[in-house]
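For reference, chains read A, B, C, D and E in written order, and residue numbers begin at 1 within each chain.
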Amino acid sequence: MSFPVLSAILLAPVAGLLILLFIPEREELTIKIVSALATLVSLVLSVAIYFLYDSSQGGLQFCEEISWLPEWGIKYSLGVDGISLPLVLLTALVGFTAVFASWDIQRRVKEFFIFLLMLVAGIFGVFMTRDLFFFYLFFDMAVIPSYLLIIIWGSTRKEYGAMKLTLYHVVGSAFLLVAIIATAIYGAKALGYFTFDLYSLSQVNFDVGFQKIVFFLMLIGFGVLVPMWPLHLWAPDGHVAAPTAISMLLAGVIMKLGGYGLIRVALWFFPEAAHYWAPFIALLSLVNVIYGAMVAMVQRDLKFVIGYSSVSHMGYVLLGVAALNTLSLDGAVAQMFAHGVMTALFFALVGNVYQRTHTRELARLGGLAHQMPRVAAGFLLAGLASLGLPGLNNFVAEFLIFLGAFGREDLMLGGSLAFRTVAILAISGIVITAVYVLRIVKNVFFGPPLPEWEGLSDVRGVEMVPIVVLGFTLIFFGLLPSLQINMIDASVAPIVAKIKAAKAIGGIF
Amino acid sequence: MITLNHYVALSALLFCIGLLGALGKRNAIAILMGIELMLNAVNINLVAFNRFLQPSQVVGQVFALFIILVAAAEVAVGLALVINIYRRRLDTNIEDLNWLKW
Amino acid sequence: MPDSQAVFFWLLAALVIGSALAVVLLKNIVHSALYLFLTFVGVAGLYILLHAEFLAAVQLLIYAGAIAVLIVFAVMLVRRGDIRLSNLYSIHFLPALVVSLVLFALVAVAVGRQLWLGYLAPPPEEPLVSLARNFLGEYVIAFEVAAILLLSAIVGAVLIVRGRRRSAP
Amino acid sequence: MVNFGLLYMEIATAALGLMLLAWGLLVPKRERQGIAYLTAAGLLALLALAWCTRGAAGTVLPGYTIDLYSIYFKSLFLTAAFLATICSFDYVAKMGFNQGEYYALLVFATLGMMVLATSGELITLYLGLELMAITFYILVAYRLDDPKSAEAGIKYLLLGALSSAILLYGFSLIYGTCGSTVLREIGKRISSGQADFALLLGLIFVIAGFSFKVTAVPFHMWAPDVYEGAPTPITAFLSVGSKAAAFAALIRILFLGFDNQAFLWLPLVTVLSVLSMVLGNLVAIPQKNVKRLLAYSSVAQGGYLLLGIVSASLLGIGAILYYAMIYVFANMGAFMAATAFYNNDRSDEIKDYAGLARRAPLVAAVMLFSVASLAGIPPLAGFPGKLYLFSSVVARDYSYLWLALLGLLMSAVSVYYYLQIVKAMYTGNPAPQKGALQVSRGMEVAMLLVLGILFFLGIYPTPLTNYAFKAGETLFMP
Amino acid sequence: MANLYWIPKAWLIPLLPALAFPFIAFITRKARGLSALTAILAIGVSLVISLGVLWEVIAHGITMDNPVEYSTVWLQIPQLLKIEAGLLIDPLSAVMLLVVTLVAFLVEIYSIGYMEDDPGFSVFFAYLSLFGASMLGLVLANNYFMIYFFWELVGLCSYLLIGFWYHRAEAARAGFKAFVVNRLADFGFLLGFFFLFIIFHTFNFRELAAAIPAYHNVGLLTVAALLVFTGPIGKSAQFPLHVWLPDAMEGPTPVSALIHAATMVAAGVYLLARAYVLFASLPNVMLVVAYVGGFTAIFAATIAIAQRDIKRILAYSTISQLGYMVMAMGVGSMTAGIFHLTTHAFFKALLFLAAGSVIHALHEQDIFRMGGLYKDMKVTTVTFIIGALALAGIPPFAGFWSKDEILAAAYHNGFLGLYILGTLVAFLTAFYMFRLIFITFFGERRAGLHGHESPPVMTIPLGILALLSIFAGFVGTPFTARGFSTFVYYAAPHEVEPDYMVMALSTLVALAGIALAWWLYGRPSDLPERLKESYRWAYNLLWNKFYIDEFYLWIYRRIFWGLAEAFHWHDRHVVDGLWDGVGDVTRASGQKLRYLQTGNLQTYALVFFTAVVVIALWMAGMGGMIR
């Protein structure tokens, strides 16, 4: 591709960022417009390459490469394939709508959008890069902006929430960096030259003992972000503390970094270890789903509910990863996209509710559909997507994950009963999700109108952008899933082939 | 017959006495005195090695001379600082100089 | 009868060690200062035994002459309260004693077991000439650096002792 | 004939120092400020000189060789000195007295560092060390009106003297057992077999001496008190210059002199590194004073640098060189911000930093990104530095994976206390009467320079990486 | 299949209402008339096409064995998965198409009158169109995935319509309950056809129909069949998942008529018919189906006796009739089940709409607060009675023929117990229907009550449905040649020979039921009160629906919620406590270590030299120097 489109997508927010530096603090509207334009450029380009991507040919396309650090084999190399392209589109979508969701920020608008654009650029980088060094560089670039965004513009217990989130991410990325270093050095010994390039490192066959340790380190590193069960506690506290736009990005996209990393790096490099750790991940994913959904049910704060719901939904992605077959991995990637869009929509709407009622306690909220029918409709749409209603994107993704986990080819009939029972229990999650989602809709939006919320105004004009854009995406990919799944399947196939080729050593238990 | 070991043993003993002086005394100047003793011990060591192991060269003595020079400079600055601290706090007792802690 | 070298050595050694102990153990800072002077003289004597006459002279001049005197002046300047109790033991005296003894033991053992390999040769005829040749030959950089070191030490010491004159605005 | 031409750097620096001293005496009281600018210009000129003649190589004296390794460190010291000078523009002006001598001593200290880093021979090395040390004893006690500075001065002198005494004892033992003071000779004479006890003791005393300068735990205890007491620009220069010079000398001694005995001192250095990283980071958490916090952080950074020595490979040394340069910028950035704040509010307490972001966005930004770089968070220069260090350790063999993990977890802990400063700056609201911070023009330019470099090297580390790793190689060339 | 005209256009049937939904919701929302018109037009055209399709199915002799199937690939993962979106046209689907479009058409017309003063008028029609689209999609689906797809969409529409008057908390709660219970059933259904997929690698009905009989592993197939059966249990409100239907009455009455009586609840029975080959090949599963159907019938009928709310009675009657259909499937006669489904759709819709017009007039649902309405609401009363007669199974009304065929099938296939049970249910049905009629229409007038006849837009659909309730039955009577049983059948078309004994007995029993109702409620007497007093426990049991609701609530609140609270506590204290604990330990250790720095210079020096000594000893010890 002559025109470096991927760099354009990555650098559009950075360009916006630099322009903002020179706009005086007072011009709040121009600041918002510039940010919106920056993210719009990325969105338009992402949509363009999404449809220009030729899924029959599969593999990495739109590649760019600049040699960055020859001795260490580090190259600024970008490229997207079936797995990363949907996530790039997701980042563009959520980034764009996040700008609109924070249209009502009053305090220190300029700094807010500078850090926001920095965050978005970082996430773009992770999904596009083909080089482990830049993968980690962009991966960790989100730490400072998200911390600053939360402590300055956050809400309840923002100091605690921000610090907790940052420390979880930093500790997680510490484990990840050690794993990356070990891999790079093992690769250097095996290949003869020092490189961080993903593709060449994936050709190295690491010995099994090494794989098990490094896979586990990566599992912790990525697990923190997914969020995997015992490491998930940053999610609820982080989301409650974060302002709307940041919760959208955190739950919508940053959680996907973990899932993407697991598939792109961990599974691709260490197939034997994947087999070894698969049952362990499956069990944790089950806890993620059931535990996350149950706890979401009893929460008293609206944002906590959605925070825990993200934990539950990302549990499906983990299940998809643990099942290690084409169907479930396709489903996992699709679920990451679908869940990203859905959670971003949820948080945008909760933002709207909070911005009007200044409270998120379920006890005090009720009958808001009377005052805010559009928000109610949007919330219902997002809720239905989250419980996996057919016709919306999540259903197809979850269906593939369940089918993959339930009917693993190698586990056809005689397959290990343990894995299938885990799959069945995980699938029962859809019932619990239905319970807590509809309970929220019932308590918050339906029921008699409360005098306390009498004069509330509904969303109009600019605030509708997130609902329209994200809602449309959910329905569009819900009705035409082949546009998404064909592309993903083409790129998942090589990874699954490699996993199948690796002799299935016994699982951890 | 006096051998190298005698001198080195003597130097070690002098060094340890100096160390005891530096660590064991409360007055700042006493510590300085202790340090001077330790440096003297090192000088004895060096001169002894030069005399017994490298008689043809004078490297050891050169080193010793430089050390004497540095020691002198050090004492000068050290005493200046002691007087400076005395002027501030009317006290050269090390145990009282603990405003900077934790 | 032991030759003169050995006698002188043991005398000077006793002098050095004795006065060093005195410096450390006495409670009166002035007595310590005086005994320090004696130690330096003893060490100078040792240098003579080791055929380092120039060094002995320098030792006498600088250490005994300048440093010891300087210390006495300093002691006079910072005299406060009863001089007899001006140099008491610190709280760490006992642990310090233990540490120094162990250190001495260690070094003694190390030196004892060490088989020093050196060669026998007559000392250079004019030691002074070889010294000078070294100072301005092999160690000329050290020599220059030493010069600058003394300069900055003097400037610094004067600065600090002069303290804040009202002169500077 | 001894080729003194190669000593142009040392001679030029000495000349600058002497000139400043003379200038200080001659010029009347009023334009004191002139000296500061003169110093800065002089150091910049020297830096430029070092940069264009980085190709120079050759041996002046048996122990004293000029190579890329020494020029790299010289440029590092000159950069640190330059930044420290700019840092002290206002600081010294506010102090009001003895300005001329302050800058002269600063330059002499730089000279001391240069000699320490370049010399391959024990005597010259010791004298470089002492020149640096003594000038710092004076500079630390330079705030004559502040009892803390006096206390810091006396503490640093006495402990410094003790450490150099033990160092000298070590040198004497080495001289005794090996018969020479030139490191390369010593290296040849030491067999790789079972070292005799005296040599081992000598080595331990030398490592203890240098650990004091490098603030490796448990020899670090002087650092927090002296850093807090000393004037802020001096603390900055001390924490960066003295540590880097000590590392240069330590590497030279260990790798040139005691290379055959590596199996002896490696476990020792590993222990020191672990202790420094752990204790440095842990005790930094409860700190309330910015300078004291940066002191403990400096102890921890010393621990990371020691990792490079633990890896005992060219990769490790290159990593140390790279990280040392980054450490200069990051630490100087943080201390510049602290100085700027101190000049206005006369306080170093973190709680007084409340709302600084709104009063002085540039100062807050410099503090934020310098501290983030110290923590090793991309996209700042600290990250490639830590990456090289930990890669070099893991490259040694995989059993060191735990060491890399410990290091990274400790830098995760460091993120916590660094963010305490950031939190105060960015969330607190400033005390009512405090207006915007006046920062001198020179300081602002320097801050922008540091910010630029931290970001540039963080994203595109190649130029410095090549320079550092080539310098690392020249150390071993005969 | 040469010149088929209508059938190729069958994909329009679900598409038109589907397009009507967004059209109304976004464009014509403000204009009430236009919205209603769009909805009715859409379903009307679909009705016409459905009639065309039915006509061509009959005319071109498309039978159950060789249906017409169109399908395109919706989602394909090479060699692993092929999900297709396709239409399956055969007599079964043709009949269902007709029933659904016809009833929907009539209900939409009826709703114009019923909902006219409701603010959400056009939204109501949008939801009805969406429901129509998804129900028709479900009927036409040719594979399990697509049926599940529309199955859930239908569940969504029922949720939206039950909770239509969301300002009433009970309606919102009822909607929530309906969706959750259905979701639970769908979970089982999903697992069911997952099992089928991993065995046969396809979702397509006809491929499965070919493969299932040849499959030997009965055990796994039984599990699959039972799991698939959980779908209908939920959707068709069979015991134990019936609890949501009575609460669904919170929705507007046209909704109850269309969704919770005629069409959606029948979807479960339709699925059983569509997947009949799976059940037919497993005898013990058939037993389960039969007895579940039978028990639900009797269970619901008994509860209906004691109810006071007109819509609740009809709701329980629907559950009971659905039990009949499932029992029919269970005893082996798919034809009887579908035939009863068709007739039941008409007369139950009629009954609900008539009840609707009563409620519309009196704004009252408790039958004991109504009386003597026959004077003011002539048409409603007459149509209601026709419906009741059809439901009770009095010849020649439609209900009689379809119920008789089920009882005959049960009797002939050897399910004597179920036959007796069926007859008893017929008796109870007749009793509670005419109890209702005598109290509401013929009882003495309550004070201050003034009923007025509903406007024609509501009474015309009632008339049409009344006609259908009368004549629909003749399609499948044993006497008509090539009747319903030759049209919709499993395996082979079979002629139904009349069984006079069964017919006579069921008519007799129905008449007895009516007589008992007249005796207790027709004439003024205090007998019901005294009966209620003497058998207080029985009355309470029935009135409280055997306390099943309370039992489920107890499970939901105590066990489910309790477990969730336990998890929450565990999450906040144990897991969070653990990680925060690690943080606190680090901070505390930092706090403790801080005090090592005493500030005394000699302490530092002491530590310095002790360290030197310790290192020397350790290195010496390690190097084996000393000793």
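One rule holds for everything that comes next: a contact is a pair of C-beta atoms (placed from the backbone, for glycine too) under 8 Å apart; a residue touches a chain by one contact, two chains touch by 3 or more.
This is a predicted model, so every value here is computed, not measured.
Steps from chain A to chain C, taking the shortest chain of touch contacts, total 2. In summary, the chains found to touch both chain D and chain E are A, B, C.
The chain with its Cα centroid farthest from the Cα centroid of chain C is E. Of all the chains shown, the one with its CA centroid nearest the global CA centroid is A. Two chains share more touching C-beta pairs than any other pair, namely B-C. Centre-to-centre spacing of chain B and chain C amounts to 6 Å, using the average Cα coordinate of each chain. Spacing of chain C relative to chain D, judged by their CA centroids, is 31 angstrom.
Computed centre separation for the pair chain C/chain E is 103 angstrom, with centres defined by C-alpha atoms.
Chain centres here are Cα averages; for chain B and chain E they lie 98 Å apart.
Among the residues of chain A, those touching two or more other chains are numbered 167. Under the contact definition stated at the top, the residues of chain D that touch 2 or more other chains are 123, 127, 130, 134, 137-138, 141, 144, 153-155, 158, 162, 166, 173, 176, 179, 197, 200-201, 224-225. Of all residues in chain B, those that touch two or more other chains are 8, 15, 18-19, 22-23, 31-32, 53-54, 59, 62, 66, 70, 73-74, 77, 81-82, 84, 94-95, 97, 99-101. Annotation, chain-chain contacts: A-D, A-E, B-C, B-D, B-E, C-D, C-E, D-E (touch as defined at the top). Listing the residues of chain B that touch chain E in their complex gives 19, 22-23, 31, 94-95, 97-102.
For chain D in complex with chain C, the residues that touch the partner chain are 2, 7, 10, 14, 17, 21, 29, 60-62, 64, 96-98, 101, 104-105, 108, 111-112, 115, 119, 123-124, 127-128, 130-131, 134-135, 137-138, 141-142, 144-145, 153, 173, 176-177, 179, 196-198, 200-201.
Partner chain E is touched in their complex by these residues of chain D: 154-155, 158-159, 162-163, 166, 194-195, 197, 200-201, 204-205, 207-208, 212, 218-219, 221-222, 224-225, 264, 267-268, 279, 282-287, 413. Against chain D, in their complex, chain A makes its touches with residues 68-72, 133, 136-138, 140-141, 143-144, 147-148, 151-152, 159, 163, 166-167, 170-171, 174-175, 177-178, 181-182, 184-185, 188, 210, 213, 217.
Contact residues of chain B toward chain C in the complex are 1-2, 4-10, 12-21, 23-27, 29-30, 32-34, 36-37, 40, 43-44, 47-48, 50-59, 61-62, 64-66, 68-77, 79-84, 86-87, 90-92, 94-95.
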